[in-house]
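Listed next: structures, encoded as structure tokens.
Two complexes follow with chain A in common, the first pairing it with chain B and the second with chain C.
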Partner chain A sequence: MSKTVDINVHHVTRIEGHGNIVVRAKDGVVERVEWQVPEAPRFFEAMVRGRSFQDIQTIVSRVCGICSFTHSLAALRAVEDAMDITVSEQTDKLRVLAHYGEQLESHALHVGYLVAPDLLGVKSVVPLASTHLDVVKCIIRCHRLGNEWMELLGGRKTHPVAFRVGGFGRLPSIAELKDLKKRLEEIIPDLCTVADVVLSLAGGLPAFDRPTEYIALTNPGEYSFYHGPIASTDTDEQVPVQEFERVINEYVSPQSTAKWAKWHRDSYAVGSLARFNINAHELLPLAKATAAKFGLEKGCCNPYMNNVAQIVEAVQVVEHGLQLIDELLSAGITAEFPKPKPKAGDGAGAVEAPRGILFHRYQFDENGICTGANLSIPTNQNHANIQKDFEALVPQFLDLGQDKLRLYLEMLVRAYDPCISCSTHYLNVEFV
Partner chain B sequence: MSDCVVIGLGNTLVSDEGIGCFLVEALSQRADEFPGVDFEELGAAGMRVLHAIAGQRKAVIVDCAIMGTEPGTIRRFTPDDVRTIKSMPGFSLHEGDILRVIDLSRVLGEAPEEIVIFGIEPALLEDCEGLSPLLTDRFEAYIAEIAMELR
Partner chain C sequence: MSEDTRPRVAIFDFACCEGCQLQIVNMEEEILDLLSVVNPVEWREAISDQSDEYDIAIIEGSITRPEDEKRLREIRSRAKVLIALGACATMGGVNKLKNSFDLKEVRECVYGDDAHMPHLDTAMTKSVAEVVDVDFMIQGCPTNGKEFSYIVRCLATGVTPIVPNHPVCVECKMKENVCRYEFNEVCLGPITRAGCEAPCPSAGLWCFGCRGFVDDPNVDAAKDVMDKYGLTVDDLKTKLVIFNNQQEAVNNV
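Right, the complex of A and B next:
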């Protein structure tokens, strides 16, 4: 096989902002390996300046169509931190429950619509629906349930309207929670089927390990997506969310308009595999059994296994969601609709988006008007790590030739489940 | 019981990209005039269209569209009238192409009998809130045209 490759996966339009893969090697000598992110800066931080503390979560939910609940919740946590607002146990549980709907929805979508086609050698889920209809229907039922779960608690399938500073503007009824519980119980066989199908194809995931620093929230007694300080696989130190800038250490790379991040090494990774590597000991039984099926264990540093960790987490959120519903049902739903008062302050919030830890920080004046903001999204935190993976992967797989190498690089980017083109979704058509 | 859904798509923080959301939000305020019609503003969550149209008799999708026409133009078409020329690397769930979602819905056998798309050619696609002056001026005309489809 030739050891000369020239890969240029180029999808640049400034407004849509995709990533580019550029690899050049001649006679086995790697000359250039780059993961480029040319997305135009979005300036969301400027958009929230001058807005009321009560509106921030609604505005920033529009940053992302997939992670809109996570953005809303990170904003609420930061606003409440700035205003010294403590939410009730009921609010905390309902928010975590709502957030789990987004985790299920996003993970099902990613594994089913992007990863499965790779493993089955087709270009998208559309042909897959013709050849593997039963499996695709399983995936769609998971995705659909995630959507309806989000709608019940967030008031809408996306861009939630029920979340308020200090609590909720609308609370679910006991009957709605009981119905959700029934539906979560019913989805477990579908999740097991999806796991079994991916397991049967997991040999198609490249064998590629690169020692990596992983970063995620951690909290004793739970597999955290929402609570606790920031932890790393490289240190025992845990950093309070209020000091998140000490972790992300953002810097600028000439090959990217997005900022990059690093902590103890040149780069770090966030996402499902990071959470698994830090919190796997807290998984519930079925999720733990799902990880065991794949032989996924703490310390895994194969980035392609992020896809498997997503399946494990999809099971985890359903399993823990059922527990949370039981707790809410036994306590009963209290009609609490707090009306928080603004105060001047600075606050930070962190929530684990499906694709990794998300940080928000805001400053407010005494009237609760936002005077400053800083958002650090998980995909930006992963960019440097994708580059480092590329640099290690290309020499290892150069022998496979251009087409296979290109596929492996594209699969690697997909494995990180990046959020790099959320800005626009317009149709682009020609009439026939 | 509704058997028709009107879906607004787009990002309201990217000027005219959000036109579908703004129009469907405005139409939903007049929902009493349209019995049997549900309105869903799905923002930038393109894949969720799959679920919103499943099992409906008719779906009307309102979205910003690059059609090669004059900015501000509204055009009614069906998915079979067009082909997508959107280039996507397939890296991310965040890429959206509603025409491919409709393809999937059809393969699954849950697509509505009738799907109508109203595309509005943008005048401005920059990160800012609110519509361009051109689309703002024509907003009520767009509402009237879509409303005719629902009566």
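Right, the complex of A and C next:
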């Protein structure tokens, strides 16, 4: 096979946002390997200045349609941190429960609609409706449930409207929670079917290991998506969310124009595999069994296995969601509609988006008007790691030839489930 | 096989959160029904095919760079029908908040020492209609999947879609919600175009006006409501700018 390749993928498809892949190798010598991001920057951190503390989550949820619940919640946590507002246990549980809906929806969308076509050698999920109808129906049921779960607790499937500073503007009824519980119980067989199908195709995931640093929230007693400080696989030190800038260390690399992040190494990874590598010991039984089916264990450093970790997490959020509903039902729903008062301050919030840890920070004046903001998006934190993966992957698979290599590179980008329109800190690149 | 007479549809995204495309995905198996009347030839977020030949172009997002204006003009020149999808495309949406600041300062605010780099250039945010002719607008942030399906079916079959021209208050009242003004909150329901089924006030939040205004918004009546509840025009403006910054009706307030 020729060891000369010239790959130039302009706008990778089946990902959220715009990214390009450029690889050139001649006679086995790799000349150029680049992961580029040409997304139009949108400047949210500048645009929220002057807006009320009550409107921040509405504006910044528009950073990303797919992670809109996560953005809203990170913003609310940062605003509440700045104003010393403590939310009730009920609010905390309902927010986590709502957020789980987004995890299920996003993971089902990603694995089912965007990644599965690669494993089955087709260009989109549409032809699968004729060849694999039963599986497509399972995926649709998971995706729809995730959406309706979000709609029940967030008031809408995208850009939630029921979340307010200090609590909720609308609370679910006991009957609605019982109905959700029933539906979550019913979805478990579908999730198992999806897991089995992906397991049967997992041989199509490239065998590629590259040790890196993994970063995620961690909290004793739970597989955290929402609580606790920041943890890393490279250190025992845990960093409070209020000091998140100490972890992300954004920098401009001379080798690429996208702004990158690093902590203990040249790059780090966030997302499902990072959370798994840090918190797998906290998984509930069915999620643990799902991981075992795939042989997925802590310490995995094959980035393609992020897709498998997403399936494990889809099971985990349903399993833990059922527990949370039971806790809420036994405590009963209290009608609480807080009216928070603004005060001056600086606050930070972190929440695990489906594709990795998300940080928000805001400053407010004494009237609750925003004077400054800093958002750090999971996909941005992954860019350096994608680039480093590319650099290791291209020489390893150069023998496979242009088409296969291109597919592996696209699959790698998709494995990270990038969400590029979350563009607050992108630097643009020149097209080749 | 008989000739495919379905109009070819291509979906393109500019500066936005891609949440309106997500509402198309969220239609689930109903998408398959829609495929009986249209033929998708390009949709980067969901399929790998790409094409320069299409009849209907659907544009999501607002226009924030000169190179994007150029790309949009090229799309317009190829399409027989062009649809603006969602608040970013129809009005500029939240991206227009940027236009209230000095653009150089905006760049420095976000990118600090790197702000001078040429690829970070940004222009004033424009809606799609501020750059090219738009045949139809699908409003909302995000758009309503049902309304999207209805409008695409109409356009594919040559029927003119009917979009409500009454305010959100009408749909809100039908849901039997308590008016947000009774909570002493500013709500844009009285001047905002209905069709969303009032999800925001139904969830205990005010209307942000993401569907733009009715054709002839009664701004004076809105001011009377503000007076009645002891709220000021500044209170109204601070909500108006979020989705409707620099819209004519806002400038008149």
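Rule of thumb we're sticking to: the second predicted complex is superposed on the first by the 408 of 432 C-alpha atoms of A that agree within 3 Å, B and C clash if a C-alpha of one lies under 4 Å from a C-alpha of the other, contacts with A are read in each partner's own complex, and residues count from 1 in each chain.
Everything that follows uses one rule, which is that a residue touches a chain if its C-beta (ideal position, glycine included) is under 8 Å from a C-beta of that chain, and two chains touch if they have at least 3 such contacts.
None of the values given here were measured: they were computed from a predicted structure.
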| item | value |
| --- | --- |
| Partner chain in contact with A:330 - chain B first, chain C second, else both or neither | neither |
| Touching partner for A:110 - first (chain B), second (chain C), both, neither | first |
| Which of chain B and chain C A:130 touches, first, second, both or neither | first |
| Chain B versus chain C as contact partner of A:66, first or second or both or neither | both |
| Partner chain in contact with A:43 - chain B first, chain C second, else both or neither | both |
| Partner chain in contact with A:58 - chain B first, chain C second, else both or neither | second |
| Partner chain in contact with A:418 - chain B first, chain C second, else both or neither | first |
| Which superposed partner A:86 touches (first chain B, second chain C, both, neither) | neither |
| Which of chain B and chain C A:161 touches, first, second, both or neither | second |
| Chain C-contacting residues of chain A that also contact chain B | 11, 13, 15, 40, 42-43, 47, 59, 62-66, 68, 109, 113-114, 123-126, 129, 140, 143-144, 147, 156-159, 421-422, 424-425, 427-430 |
| Touching residues (chain side chain B, partner chain A) in the complex | 9-14, 17, 40-48, 50-52, 54, 63-68, 77, 81-100, 103-104, 107-108, 117, 119, 122, 125, 127-129 |
| Chain C - residues contacting chain A, complex | 13-23, 25-26, 28-29, 32, 35, 44-50, 64-65, 68, 93-95, 97-98, 100-101, 105-107, 109-111, 114, 117, 119-120, 122, 141-142, 199-200, 202-205, 208, 238-239, 242 |
| Parts of chain A lying in touch with chain C, wherever the complex brings them together | 11, 13-17, 40-43, 45-52, 55, 58-59, 62-66, 68, 109, 113-114, 117, 123-126, 129, 140, 143-144, 147, 154-162, 164, 168-170, 252, 257, 259, 337, 421-422, 424-425, 427-430 |
| Interfacial residue positions of chain A with respect to chain B in the complex | 9, 11, 13, 15, 18-19, 40, 42-44, 47, 59, 62-66, 68, 106, 109-110, 113-114, 123-126, 129-130, 133, 136-137, 140, 143-144, 147-148, 156-159, 410, 413-414, 417-432 |
